[in-house]
Structures are given as C-alpha cells and as structure tokens.
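Both complexes shown next keep chain A, but they swap its partner, so chain B is in the first and chain C is in the second.
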Partner chain A sequence: MAAHLCYGRVNLNILREAARKDLREFLDKCAGSKAIVWDEYLTGPFGLIAQYSLLKEHEVEKMFTLKAGRLPPADVKNIIFFVRPRLELMDIIAENVMSEDKMQSPREFNILFVPRRSMLCEQRLKEQGVLGSFTNIDEYILDLIPYDGDLLSMECESAFRECYLENDQTSLYHTAKGLMTIQALYGTIPQIFGKGECARHVANMMLRMKREFAGSQTQILPVFDTLLLLDRNVDLLTPLATQLTYEGLIDEIYGITNGYVKLPPEKFAQKKQGEGGKDLPTEPKKLQLNSAEELYAEIRDKNFNAVGAALSKKAKIISAAFEERHNAKTVGEIKQFVSQLPHMQAARSSLANHTSIAELIKDITTSETFFDNLTVEQEFMTGVDTDKVNTYIEDCIAQKDPLIKILRLVCMQSVCNNGLKQKVLDYYKREILQTYGYEYILTLNNLEKTGLLKPQTTTRNNYPTIRKTLKLWMEDANEQNPNDISYVYSGYAPLSVRLTQVLARPGWRSIEEVLKMLPGPHFEERQPLPTGLHKKRQQGENRTTLVFFLGGVTYAEIAALRFLSQMEEGGTEYIIATTKLINGTSWIKSLMDKPEVNI
Partner chain B sequence: MNKGKAEEDDYWHSSKYSAFTFDDDDYDFTKLKESQRAVNSIRGLVEDDCEDDEDVEKVSWSGEPVGSILWGVKETASSLRTSGDTQNHGFPKIQHNPPLPRQSSGYSLSSLFKGKNKTSSFSSLLDSLPDTSMRVYAPELRKPRSEYKDYDSDWNSEETIRRMRQGKAYSLENFHSLQEKLLLLDEAVSSHNSNVITAVLIFLKRTLSKAILFRELAEREVALRHFIHLLKETGEQRILVELLKKLGRMEDMALLQYKEHISIKDENQRKDFLKTCLSLPFSPDDSTHVQDHYMLLERQIIIEANDKRTDTEIFKKHPRKASILNMPIITTLYYSCFYHYGESEGTFSSPANIRKTFRISEKQYFLTALGARAKLKQWSDVDRLCNTTNWLGYTKKKSPIGFQRVVEILHKNGAPLQVLQDYMSLVDNTEVRVSLAQKFKCHDIVINTYKELKDRQQLIVYQSKLERGSPEYQVIDELIHSLNIRWKN
Partner chain C sequence: NQPVALSLYRQRLEARLSLLQSAVDEYNKAKNEFAAKATDEEMRLLRFQRRLEEEKGEQLLGLSLQDTLRVLLSVGLNKPAEQLYKDFRVPDKRYWWLKITALADKEDWDELEKF
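For the complex of A and B:
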C-alpha cells in the first residue's frame, strides 16, 4: 500500500511505520474487543497511515462516525473515540456517554486525541460530568503525515490564519516538534536556513529543544544536509496565481483532499458491451492520486499543455503492448503475455482515468473565462497597469463572479504593486461590499492584517526589483520541455522556489538586497554533529534539503521543486514539508469569517 | 434574485495574452481523443474486473480502496442497518480469532520519546523531549494511588511546569500570591507548550480579578495571545471584548462585536444588534459600511413586509423566488428596479431613493437597472435610461458602460432585432460594431457600416456568406453595382 513512500531519496515509510506502531500500541492498551467512533475529518489523514485490516488485527470490530445522540449497538468491551481536540466534539462525546444504556453490559470509554490532547477539551468533559467515565485518555501525535515519497504535510488547515492573522504560534510549536521527530528518525540536520518571523521562531524552538538534551545525541547518520524554513508571507504572490501544472489544475478545479479527488461522474461511466448507457452514476467519482500510479507520477508535474502529448504517447505504448498478443504463438509466449496482463490492465485503466480528467480540465482551460482571468494575472505579475482599477476585475464584480476569484485578483494586484493607491483600494472595497454584502468588511480586514491587501505606504514599489533580480518572469517559458521552474505557471517562476534555488547555488549572499525587501529576518544556524557522523560525500552525490513551508504550499511549487531535484547537475534533491497543502481558493477561504461562501 | 449569472457570462472581452497559449489546441485535443480511442479499443479486450488479481488494488466506485478506514466505517454502517438489531438478541459471540501477536520490530513515535523502546540509541532521548511523553495523564482522575507517591505540595513553579509537561500529577492550588502565579505563568510560557499555558491561564482566570489579570497579560504578549485564543475557543465573547478595550485595541474590539451578527438568525434581532454596533469605534471607512449595513437591513425588512402581502400585477406575473432579506445592496437595487421601477423618490423601495441613500455609482446603477428592465423586456425603459438631455433640450443617448455592453445585455434578454440595431448603431468603434452585428446577425448594420467605410471588398466577402436571393443579398448586390459610391477598393 505504501510502497511509493520508499522510492524517494529519503525513505518516508520509516515515519509511517513509526506512526503505525504507535497506533497498535494504543489499541493494545485497551484490552479486548473494541469499536472505534471516528471524527469524520480524521478518516482521511488516518487512511494514509493505516488500513482497516491493521485495526482488525487489534480487535477493532466495529467503526462508527461520531454523531449526536445514542451510540449504535455493538457488543464490544471498549468504545474508543478518535477525535480532534475540539470543544464541539466534546459535547457530542458527552452526549454519547450519557445516553449509554445502563442495563447493557458496561462498555469502557476511551479517547484518543489527534494530534494533541487538550486541557480545554478535558475541562469541557469535566464540566459535562463525564470525564470520570473514561478509562484511557491519550494523544496520537500525528504532526507530519507522509503524503508521497517526497512530501509531508501536517494538514493543519488553520495554520496560516493562526500564524499571520491571530498571532497564535501553537502550530509552530507542533512544527518544531514534528521536525524533532524527523531528526530522531533521520538524524540531526546539520544546517538550518530560514526566512521570515515564523521560520525564526521555529528554528529557535528546535535549537532550544536540542539543547535541553545536550549530551544524548542520536547515533544516526544524517539523511538531510539542510533544512530550509520559509514563511508563507515571504511569498504571498505564488498561491494567488492559478496553477498550470496537471496536478495543480486538478486541485484548483476539483480540490484534492488527503490524496483523493472527487470528480463529476459522467466521464467515468464504464460502458460495458451490450449494456448501453443506462444507469449513469450520480455519485462523484473518487480517485486516489499519488506517485504509486506510474502514469500519474509521470504527468502530475507537467504543464497542462504538455499532458495531451504525454497521454497519447502512453496510449500508443499500451496499445502496442496489447497488440503483442497476436505475436504470441507458443504456449510460453502466451503465458508470458498473460502474466503481464494485470500490469497492462492497471496501466489501461489509469490511462482511461487520466484521459477523462484531462478532458474535463481541458473544457475549463479552453474557456474564455479561464483565459481572460489568466491574462490579467499575467499582466499583474509582469507589472502591467497594477496601479489603477482593473476593468476586468470591475466586470467580474459587475457580473457577480465568485467572491474568492475577485479577492484572489485584487490581492494579487496589491502584492504586485506593493500596496494599492488608497483611491483604488477604496474603490475595490466599495464595489465588493456593495455587490457581495457588507459583512465582508470582516474578510477585507483579515486580508489587510495578513498583508495580502494593503494601501500603498511608500511610492516606491519593490516588486519590479524583486521580479528582475530573482527572474520571476521568464518570457520564453517552455511548457513542453521545460528548462526552468517558470513552466509551472507558464512564465512565472514561484518566488519561494527561486529563493530555494538560489540558496543551493550560488547562495543567498548574492541576493542580500532582495532578501531585505522581503518580510522577516533571514538566518543560518548550524547544529553540531557528533564525531563519526559527518557524512563523507561521494563524488557527484547530491545533497538533500528539506524545505518546510510554514503556512502552506501549492502543488505547482512542489512541481517546481521536483523539477529542480531532477535537473541534471542540480546537485540538490528536495523533500517538501508543510503545514497544509493549499491553493489560492482554500487559502483565501481560510481567512474568511463566513465559511459558507459559494465557490 | 441573482442576475442570472450563467446567462450573462460570455460577453466579456479584454486584451489577450500569449504566454499560456493554446495554439496547438486542435493538435492537443486530437491527442486526447487519440488516447481516448486507444483506451476504448483496449477496453473490450479484457474483462473489467479482475478480482483474483493481487497486483491490482481493489477500489470501490467511490474510490475508497477496499479495506481502507473510510470503507470500513461504511461497511459497519451498512451491516448495522441490515442486521444490527437482530444480531444483538443472539447469544454473545465467542472470540474466534485471538489477537495477532504484536510486532516487536520497528520504531514507534511515542517510544522514541518515552524511551520505552528496546532499541538502545533512542532511550537516551527520554528526557530530551519531555513534552511529548504526556501519555499518563488526567492524574486527578482514575489514577492508581501508587502514582501519587511522589506527590509533594512544595514544588516551585519550575518543577510544577515540568511535571505538567510530563503529564504527572500536579496541583496549582499552592500558588497563592500574585508573584507566585506570575512566575508560574512565565515558566509555562517559556515551555512553549500551549496546553500547559492554557491550563495555567484557566487557573489564573479563576483565581485573579479581571483587572489584575488583564493588566499583567498586557505585559506578556505570548500569554495574552493564548488567553485571547482561549476566550475565542470557549466563546467568552464578553470578557474578550472587555480585554480588547482595556488593551486599547478598539478596532479589533469593534470588528469582533460586529462579527456576532452573523450568527443571529432573526432579522429584527439582527437589525437591532447592528444598531448597537453603530457607535462602536470602527475605522472611519468601516464605520460608514456598518452604517449602510444597518440601514439596508432596516429597509429590507420594510420592503419584505410590504411585498409579501402585495399582489399587484408585476408580482403575479413574476412571483418572487426568494426573500430580499440579507441580500447585498446591488441585489436589492436590482429587486427594486424589477418590482418597484418608476416609484417616486419618496418611497423606501424606489430605485432612485436606494441609489441616493447608498451612494451607488452611476455605472453600477445603470448596469443594474438595465439588467432588470431588459429582463422584463421593457425596451422603452431601456430607452429612457440611456437618454440624456443637454442644455439646449436635445436628447442624446449615452451609456456609462459603453454601448457594446448594452447590446450584449439586450441580446441576452432576447431583445427584438430593431432594438438591437438601434443600440448597435451607437457603437463608435466600427470594427467592434461590425463584429457585434455579425455575431447577432444584424445585416443592415453590417452593410451600412461597410458602406460608410466604402469597403467594397468586405461587402463582397459578407455577401458570399449570405443566402443567395435573400433581401440582404440583393441589397448588397445593388450597392456594389451602384455608381454613386466611391469605393476605396
């Protein structure tokens, strides 16, 4: 199931195995048969760690979703609640516990908090008078979840909001903890670089935690050479732009959650011979997306304009493979062909799925709306007319396009202009409030507090300097055979990834000026290694860098980093970690006080 | 009362950019077709389900790999529905499968930090990350007596925080003086452990007066943030407002209070609440917006009450689809232009009054009114909307959004050809005019424009696209053979 985690430069399966072992230990602590009551949100992340079979091996006989009222009947010794530490969930649990039938043989109650137990929640249970009913209250520390061979996420939705809007650093503490776990499993990371306030804070906590047990070092040869901590607010621009890689577009349009995507079912209806087109499924088609699927691994990071060609090439290969059956004459040859069938079969169905997805996306990317939107984004990123009211945005507001689309564009204009002229800002604000409702005062205020939207304070606009120095715009981006990371946005090279690239070569000293223009301090720390653990690098051996995005990372940025990893003579391979996988829409949404906005 | 977004969304043109090109559009599309074809041709070859195949992961339609957790939950749910009740009356089942032996190899996250693991290199980490080893917990609850044996009530703050981080038994009740309590708080903060900080804050909140607590928190930024977070979580709005006021964060406080209106369902209560917000110390801009918000809801309540009872013609012919309550101002204006057009400025529901009260820009007003009147096919209203009279008394047609947009909106609402032509001829840019006319098949406009431009070649090209013998065809025929026009080509 998790083989794809082992193929990368760093075996992330070790982390997964450690998490599984922890889970088994907790389950065995509740002796006897058990039923698990799930906070539904958790089934996604848990699915990346364990299967039902693992739970069954440890006497889990029933599984329910957490719901108010009475628990469903189940003849088990233990009831275990797997929940996030949320007050509203505590109230439901309390209701469950209190309405338990006293006449039935008593069941023992347990809580497993994921990822941390919380004093507040236990206090709430106490107030409800049920705290004493629990045999075990425990926590399941799931800071960094392995998503793919080179990708870890904390899946902490509110991290950006907490860090940059509410100034709450709890998620940074968990980040530091997660990084300590990584170092316990993969060795001390000798070099730490960082840019931004939060990065500084995380590094400080890590160094402090390290100091607290000076003397007892891990005896593991370091796997990572460098850790790079990046604040999301160092690069506010990138997530606002529409991602143009295959995976990025799937996420932009349909949203990927925990490695799954839900798609409109029409294109996936399987027409078997003789069945006709009856019974079109109405439920969305759910597909898992990760590098375990050969074809997906091949095309996920391509610019969408290069996907068609890749799919058709693959189709020819598969067709040819199936044609082989005509050449199979001897029993041996036929046997050989048949033995390959399952693999071919899987490749065939994978091709079918991705062809359908590509068609769905194509319908959207070829629409005028998509094109116009992209045109304006690219104008802003190249610095065209960023200082006046944009007529396209005006038109979009007039026709009541989704608010998040408007906000993405307005914020982008503001970021690319280092703030909007007061008059322009006021105009946008009035139009937005009049068209979408005055209650969005709250959202606009949040955007201003995080710096996504701001009035111009100086007449000097830094963005052009940053763009030129870091080569953020490449005129001749090659979408088919890329030679630069700018292909992921068809011209725009994500700032965050440029910083990463420059750090590896020639080093940040070459861009001191630009670093000073970006918010927050930049720094370098070294963690001493015990003698004997210094890595002796083979000639030509690549360095391994862990890039941690504090506040979220997009799939396009991940694609750009993978591109750098694969570059010949790049010299560095990247593993990516983040608090949350985001796109512009989910990101802006996390800053809205009114979550029920139609997207 | 949405303006029929779907109907309106294809009349937007702006400059084109080239970077994300779909040049080889067709090429690319055929490629997709190609792979689709290939897929189809292979499809018949092998049966679709190969159940006894171990290499291929089994996936249910909804995409859950069979055997995943979510799948498991659904399985349990469906088995419960079918047989849950009957099963329960049966004899208790005997466990047939003894639990599998625990796997003893491999690392475990918790053991890394607890040092439980036999793997020696990790045990040394035990004290390194004490925070994570909070496994044993809830000491005051169901803890065997033995765990209390090292209990000592004389711990200092440092020791207490350490025990809290380790999840051992502790008591805060011995911290009596303010100084002791503050030391405890500072110690908690320096642990960075939010859980510990929260516990201490709950204790301080219970044992200190608000004035003192606020004063001390004001000097402790991290603790303060945690306290604000705590109050938000527990929904103690009142104390939070008080705290922000004390800290001088007036705008934050105002916004926080304003935010509460979202959760008030009843419109009258909501209106009353917004009224109380008017005096809050917002920034000047926000203050105006909140004022507008209040006035809008107040007005909507009046309009709603009236219109619910009204059964004038317009309401009978076009029954309201939804209530106007809590709709944005532009939507309200559209509603007013739809149902209350022509009312005198004195009424609350008249477009003119709404426009004035809420300072709607000329452009927005024009666009909204045009949309509403065109929807009702009231072309004479559209006419009047565009008319402006100059000081000499001449009327002239004007449009703050340009006549191209006017034509497009009219077309969308099924305006007759004559109406379309009238406005099309007002489009200044001849190129735009011709392309509009061609798109909406206004032959007269196309022909007249080319005639105006003396462009014979284009006329001939256009003629070739028309049906031979149609009136337009003949008009062009006459024109191109006319000797009175001096063609430029």
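For the complex of A and C:
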C-alpha cells in the first residue's frame, strides 16, 4: 500500500512505520472496543499514515466527526478523541462528555493530542469540570508526514502566517522536533545550511536539543549529508507565479489536499451500454495522486505542454501491448499474456483518467484569460514596466475578477520591483477597497506586514541584480526536453531552487552579494559525528540533501528539485520537507482575515 | 415592530460609525495616512448608503463602493451614482466599465446609445 515510499533514495517508509507503531501502542492502551471521534482536519493527514484496516485490527469499530452536542450512540467501551490542541475543540469535547454522563452504560474517555498535548487545553478541560473523566490523555507526535517517496509535509496550514505575521514560533518548534525524529531514525545530519530568520531559529533549537540529548547518541550511519533550511520569505516570488507543471496546474485549478484531488465528474462518466448515459455522477470524482501510479510518476513533473505527447506515447505502448495477444500462440504465451492483464488494465484506466484531467486543464490553459494573466506575470518577472500601474490589473479590478487573483498579481509586481512607489501602491489599494469592500484593509495590512506588498523605500531595485546573478529568467526554456529547472514555470527558474542548486555547486560563497540582498541571515553549522560513523563515499555516489521549506513549498518547486536529482552530472539527490504544500491561492488565503461583518 | 428594528439598526450603524471614527483617530496617530483616509471614505459611504436606503428603499448598506454603484445603475438611479462617482473620485475607466456592463445587463440599449 505504501510501496511508493520506499523506492526513493531514502526509505521514508521507516518514518511511516515508526508513526504507525506509536499509533498501535496508544490504541492498545485503551483495552476493548473503541470509537474514534475525529477532529476533521486530522483525517486527511492520518489517512497517509494508517488506513481504516489498521484501526479495525485494534478494535476501532466506529468513527465520528467531532461536533457540538451529544455523541452518536455506539456500543463501545472506549471513546477516543483525536484532536489538535485547540481551546475551541476542548469546549466541544467538554460538551460531548457532559451530555454523555447522563446515559446509563459507562464508557471510558480518552484524548489523543496531535501533535502535542498542551497545558492550556488540559486547564480548559479542568475548568469545564471534565478533566477527571478521562482515562488516558496522551500525545501523538506527528510532525513530518510522509507524502511520497521524496516528500514530507507537516500539513500545518497556518505556519507562514504564524511565523511572519503573528510572530508565533510554535510551528518552528514542531519543525525542530520533527527534524530530531528524522535524525533519530536516519542518523545525525553532519552539515546544516540555512537562509532566513526562521531557518536560524530552527537550527538553533536543533543544536540545543542535540546538546540536551548529548548522552543518547544514535549509532546510525547518516543517510542525509546535508540539511538546507529555507525561509519562505527569502523567495516570496515563486509561489505567486502560476505553476505550469502538470501536478502544479492540477493544484492551481482544483486544489490537491492530502494527496487527493476532487474533479468535476462529467468527464469521468462511465460509458456503459444500455444505460443511455442517464445518470451522470454528481459527486465530484476523487482521485489519489502519488508516485505509486506509474503513469502519474512519469508525467506529474513535466511542463504541461509536454504532457500531451507523453500521454499519446503511453497510449500507443498500451495498445501495442494489448495487440500482443494475437501473437500469443502457445499455451505458455497465452498464460503469460493473461498474467499481465491486470497490470495492463490498471495502466489503461490510469491513462484514461489522466487524459480526462489533461483535457480539463487544457480547456483552461488555452483560454484567453489564462494567457493574459500569464503574459503579465512573465512581464513582471522579466522586469517590464514594474514601476507603474498595470493596465491589465486595472481592468481585472474593474471587472471584479476574483480578489485573490488581483492580490497575487499586485504582490508579484511589488516583489519584482522591490516595493511599489507610494503613489502606485496607494492607487491599487484604493481600487481594491472601493471594489471589493473596505473590510479588505486588514488583508492589505497583512500583506504589507509579511513583505509581500510594500512601499519602495530606496530608489534602487535590486531584483534585476538577483535575477541576473541567479539566472532566474531563461529565454530558451525547453518545455519538452528540459535542460534547466526554468521549465517548471516556462522561463522562470524558482529562486528557492536556484539557491539550492548553487549551494550544491559551486557553493554559496560565489553569491555572497545576492544572499545579502535577500532577507535574513545565511549560515552554516556542522554537527560532529561519533567516530566510526563517517560515511565512506563510493566513487560517483550521489550526496543526499534534505531541503526544508519553512512556510510552504509549491509542486512546481518540488518538480524542479526532482529534476535536479535526476540530472546525471548533478551529484546530489534531494528529499523535500515542508510545513505545508501551498500554491499562490491557498497561500494568500491563509493571510486573509475574515472579519465578521455585522451591519 | 418595524420602528424598533429600524432604531436598532440605526444604533448599530451609529456604533459602527463611532468605531470607525476611533479607527481614523488611531490611524492618524500612527501616521498611516492611507488607512485613515480609506476609513474616512468608508464612513462617508455608509452615511450615503443609509440616506439612499431611507429615500429610495434600496438595500445598499455594507456593499462596496463598486457594488453600490452597480445597484444604483441597474435600477436607474443615475443621479446618485454620478454623485458617488464624483465624490469618491472613481477612476473613469472603472466607472465606464461598470456603466456599460450594468446597462447591458439591464438591456437598456437607449441609455447605452446615449452614453
């Protein structure tokens, strides 16, 4: 089931197994039949760790969603609440427990806090007078969740907002803890590099935790050679741009959550004979997307313009394989053909699915709006007229296009111009407030606080220097057979990934100047290894680097790093970790306030 | 019950206006000119919306300026719309766009012709 986790350079299934083991241990602590009451937010991430079958083996008979009022009836001995440590959730639990006590059959209550228990929450339960009703209160440390063979995410939605807007560093603590877990399982990471304030904090915490556990050195040969910590605010530009890889576009258009995407069902209607297409499915089609699917693994990171060709090539291969049956003459040959059938049928249905998805996306990418929007983005990234009011943005506001689209463009212009002239900035802000409503003044404030939007303070715009030094714009990006990471945005090479690339070769010393222009300190730390654990590198063996994006990473950036891993002369393979998988829309949304409008 | 509801509603609006006024003061203290001005405009808009609601009976309160204009134009209240457009210095381009789409939605081709 989780086979796709072990194929990579680093076997991430070890991490998943460790997480499963902890879960089993907790479940066994509550003897007898159980019902789990879920904090809805957690179901997605947990699905990546354990299926229902695992829970069932441990006598979980019912599952409910946490909501106010009385718990649904269930004939079980234990009720277990799986919750994030949030005060508002404690109130709901208290309500559940209180309305329960009046019924006859006594049930035992348990709480499992994910990822950590909190004094405040327990205090709240005490105030509500229910703390004593719980048999077990425990924590389930789930920091980094294995997402794919080379991808870990904390699925912590508000991390960027908390770190850069609210100055709340809780998520950084979880990050450091998560990295300690990684080191316990995969050995100490000898080299740590970082860029940005938050990166510095995480590294400091890690080093301190290391000192605290000085006695318990792990005797594991290090799997990772290097850890690179990157603050999202070092590269604000990349997530604002529209991703142009296949997976990136699926995420931009439909949104991928916990490895699943929901698609409009019309295209996936099964054509069955005799039904006459009467009942079209109305439920959105839910598909799981990960490298376990052979075809998806092949096309997910391609530029969308190269996906069509890949799909038709695959179609030819599959139909050729089916034609093989005519050549099968002996019984042995037929038997062999039949044994391959299930695999071929799976490949065929996977092909059908992705052809449908590609068609859906193509309808959008070939539209005029998409093209105009992309043209403006590319103008900004190449530095065309970033210092004056953009007429396309003006028109979009006049037509009241979705606000997030406007904000993405305005922020992008601001980032590419190292801030907007006060006059231009005020003009945009006024237009937005007059069109979308005064309440968005809070959103605009948030964007300014995080630096996404800012007034120009110096007349010098250093973005062109950064662009040139790091080669962020490549004129001749090859979408079909890429030779550079810039293919993921059809010309723009993500800054964050360029930093990663330069670090591997020739090293950051060559770009000191540019590093100084980007926010936050850059640093290097070494963690001494116990003697005997130094890796003896084979000739030609690749290095392994764990890149941690603090504040989120996009699918296009992941695609670019995978591309670097596969480059023959690259010499480094990358594993990616992040607080959250994001795209421009979800990211901006996390920075918007929803004030309660009561007139 | 209507007068009660109306007065409650007025009270709420007054409360809102006074909160906005204190926001203006704070913004001024913080020397955030833009925010102070924007908040001031919001107060003017709310007052304008209330007056029109009372006079013409259109539901406007709480809409953005753009949406207010759209409602006014779509029900043919062109005069107050013109006034808002001038008072709030709405850029011509945006106003023309709005007017054209509003008139087209209404299929008021005569007015569109004149315009």
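To be clear about the criterion, the second predicted complex is superposed on the first by the 590 of 599 C-alpha atoms of A that agree within 3 Å, B and C clash if a C-alpha of one lies under 4 Å from a C-alpha of the other, contacts with A are read in each partner's own complex, and residues count from 1 in each chain.
Following the convention adopted for this analysis, contacts are C-beta pairs under 8 Å (C-beta built on N, C-alpha and C of every residue); 3 or more make two chains touch, one makes a residue touch a chain.
Here the structure is a predicted model, which means the values were calculated and not measured.
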item: Combined model on chain A where chain B meets chain C, clash or fit; value: clash
item: First (chain B), second (chain C), both or neither touched by A:Met180; value: first
item: Touched partner set for A:Gln399, first chain B, second chain C, both or neither; value: both
item: Partner chain(s) touched by A:Glu294 [first = chain B, second = chain C, both, neither]; value: neither
item: Chain B versus chain C as contact partner of A:Leu374, first or second or both or neither; value: first
item: Contacts of A:Lys314 with chain B and chain C, given as first, second, both or neither; value: first
item: Chain C versus chain B, contacts on chain A by residue; value: B
item: First, second, both or neither for A:Asp22, with chain B first and chain C second; value: first
item: Partner chain in contact with A:Gly132 - chain B first, chain C second, else both or neither; value: first
item: First (chain B), second (chain C), both or neither touched by A:Glu524; value: neither
item: Overlapping segment of chain B (options 331-339, 457-465 or 475-483) - the one that collides with chain C in the superposed model; value: 331-339
item: Intersection of chain A interface sets (partners chain B, chain C); value: 395, 398-400, 426, 429, 431, 433-438, 441, 445
item: Complex contacts: residues of chain A adjacent to chain C; value: 394-395, 397-400, 426, 429-431, 433-438, 441, 445, 597-599
item: Sites on chain C touched by chain A in the complex; value: 9, 12-13, 16, 34-35, 38-39, 41-42, 45, 61-67, 88, 90-91, 93-94, 97-98, 101
item: Parts of chain B lying in touch with chain A, wherever the complex brings them together; value: 2-3, 5, 8-10, 12-17, 19-22, 25, 28-29, 31-32, 34-39, 41-46, 48, 50, 53, 55-57, 59, 61-65, 67-73, 75-77, 80, 84-85, 88, 92-93, 95, 99-100, 102-103, 106-113, 121-122, 124-125, 127-132, 134-135, 137-138, 141-142, 192-196, 198-199, 202, 222, 225-226, 228-230, 233-234, 255, 258-259, 261-262, 285-286, 289-290, 292-293, 296, 326-330, 358, 360, 364, 367
